[in-house]
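Dropping a structure here in structure tokens format, bear with me for questions.
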């Protein structure tokens, strides 16, 4: 059952839900902006912009706090069911993912500061070669998953989930390349590790985008499409055992 | 978030609601005060009439509860009572007790001479006085030969005079009591030989032509038997009908028709039931006239609709949740009614019945039609004995001119009202006692 | 670039999204045109049914109050009926022990089976049926008799016990199972109506289980109770599930969610949707169910 567009009998509930959604999308916009700024600053070796980016992460954190509070109060006061419940839970999870994406952008900015710390010589361009395309892919994914969330577009959300695989592959090949460089010339190891952190952050951002896309699918269709690979089928049983052993 | 919406009160030309309401307040309060006054006036008027009525009745009737007796020395002369000297009960009973009374009176006033004057002397005591002496002697034959002061029932005229209801200043021709009688009574009174006692005859004897001997016992017993028949017939039938109609009967055109008819029957003038009783019970079934049985049957007809209606109201007031609870437990319909509905409705039914019975107690019109209006001296001893009832007795006495009957009429009304209040009080007590909260 | 411009961008995206979402919905929503003889969404059958209802129609005079309802009620499950007022949920509940028989204009067609017996068959007496299918009502309705008499009433009229000792035992056991014994043990002679609302309702449940029914029907049993009393009843329902099949009608969706394993949604006399309770309340399949549980009704 897709979510109903009819108004609630209690109008205030509609207003609160719309506010929450707007807040999450605003947060998404901020996260997207942060990612772009971090990458641009890296490209342009602009340490001022980088520091600014790090500072701006607090805005996202603040929004997360606010969105979480809103979610909790909506659940407590409105006792949402059906699509409303799915909407709130999806948005609450999305908020967490967006905050992590913001953290990822911050981590890239941190690494930028490490790379261009003015002590060591700047890295060679080939080390940073893979960052740009991966960043673009991640930024695209983030943009698209926010778009899918805003439009409740399940098709688009499903394509994002597939694209996460591409990003993972990019990450793997970039990692291999960096290892080659490091094996060739051990002096590059310092910078290479920083770059590994950057591309790892981008890869994580991709994962979070995929999560957001999954939340969108759950929101709209009520089915959980999270891949089972990381889920222990006996999770309930083992938990119970743990408790019993304690 | 203070946005206007459709629920906003439309503007009222600049005046706020407080001013508008305040403007109309004096008018509203005045109307309320007026209404309260109207109510108060209506109630006081009603109360005034009730007080007037009671004052009138009690004022006229209270004296009937006292009766005048005069003390006369009677010599139970063996020559008169038992000339053979063998104490034969039959002979003693058949003796001339009138002579004893007359001799006694002559002994008090030895100067009275002449037939006319003697007759007025003898008229001081009731014509029942010889009967009273006979009863005394029969109860105690040892009295024969003795002389004793005996209190004899005074005649109604004397009684009325002693109670001060005859103006002695009037001319002899304008009052029922003669001058010499007045003088004798004064003399007796001076000697302490005139006394008022509680009137046991009023409650102890039946009707009589002589006011001082007339009582309401016959009417009371008549009313008792009649109401007993009424209650025994109308209560079970009424309750059963109410239960059937309310709980069991299907709701269709026939039951609707029956319901309408029962409601109409309650409004039928009571005399019509009397006519019906005359036609059906006396003429068709050949039951005796004036019998409490027939009266009871007629009053049952009249009371039934009232009991049925009250019963149905009591049944409908039992909350449906109780019925549902019983049915939901798997009780059958009869069990539901018997175990739960009827016990809860019974106080209401009883109250309705008692009020219906009180109405029947006060009813006279239908009983006139079946002959319960006859002059009956004997106190009825069963359902088939000729009888009259209290309201009819009142109606009969109200027709009689003697002053002593006027006070007896009022006394009978007081007794009737007393029973009415008693029955209504019983209804209230029953209701309060058995009313349950659920 | 600052946050405010981003906010404006996202607003625009949202507006677009609303329009787009409307389009998405049209494609995948269940087509709803005809309100009568509708197919029920979800699985109406269960593996071990206690009661099986098929094609049940109820008419109040001319009014078609329940339309072609088919539903299984599983053994030892709690099934909740929800829906707006006048949707037929109570009507259906009352079909299950033929309480509708008391309404003269009411007519029931279709088949309702309790185990193997068709309860509307001529050979089935309502007295027997109601002993097997007990009922608890919206308003606590203890008899205006003592607490003991309330519980003893059912066993007495059905002749379930032979002597006072057996009756005592049964009354105590029923009160115990209804979780009321501790509270009333000392005052069994006091009238049932002297108890608090929640206690009265538990007394009614004790009274119902005293005849050891197979199914207990509950018609909004907590609507007159405060939350604590409600919680006690809900806990009791959960415990009773071991031995009884329970059908509960409730206006509180939270209550339905808390106590039931399956939930059925009724709307204007139709059984719209039935399914596992968590599915109904997190992901209903029918738009009417969705609108009702999310408060978009009317």
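Quick notes on this structure:
We call the chains A, B and C, going by the order they appear; numbering starts again at 1 in every chain.
Please note the rule applied: a contact is a pair of C-beta atoms (placed from the backbone, for glycine too) under 8 Å apart; a residue touches a chain by one contact, two chains touch by 3 or more.
Please read all numbers here as calculations on a predicted model, not as lab measurements.
Among the remaining chains, none touches subunit B as well as subunit C.
Taking the mean of each chain's C-alpha atoms as its centre, the chain lying closest to the overall protein C-alpha centroid is C. Chain geometry summary: the mean Cα position of subunit B and that of subunit C are 61 Å apart. Distance between chain centres (mean CA atoms), subunit A to subunit C: 45 Å.
In this assembly, the C-alpha centroid of subunit A lies 100 Å from the C-alpha centroid of subunit B.
Interface residues of subunit C, counted against subunit A in their complex, comprise 1, 3, 6-7, 9-11, 13-14, 16-18, 20-22, 24-25, 28-30, 253-254, 257, 281-287, 289-291, 293-298. On the side of subunit B, the complex with subunit C involves touching residues 250-251, 319, 321-332, 335, 339-340, 344, 436-438. Per the touch definition, subunit A reaches subunit C in the complex via residues 1-10, 13, 18, 21-22, 25-26, 28-30, 33, 59, 79-86, 146-147, 150-154, 220, 222-223. Across the interface of their complex, subunit B is touched by residues 97, 99, 102, 104, 126-131, 134-137, 139, 141-144, 153-154, 157-158, 193, 204, 207-208, 211 of subunit C.
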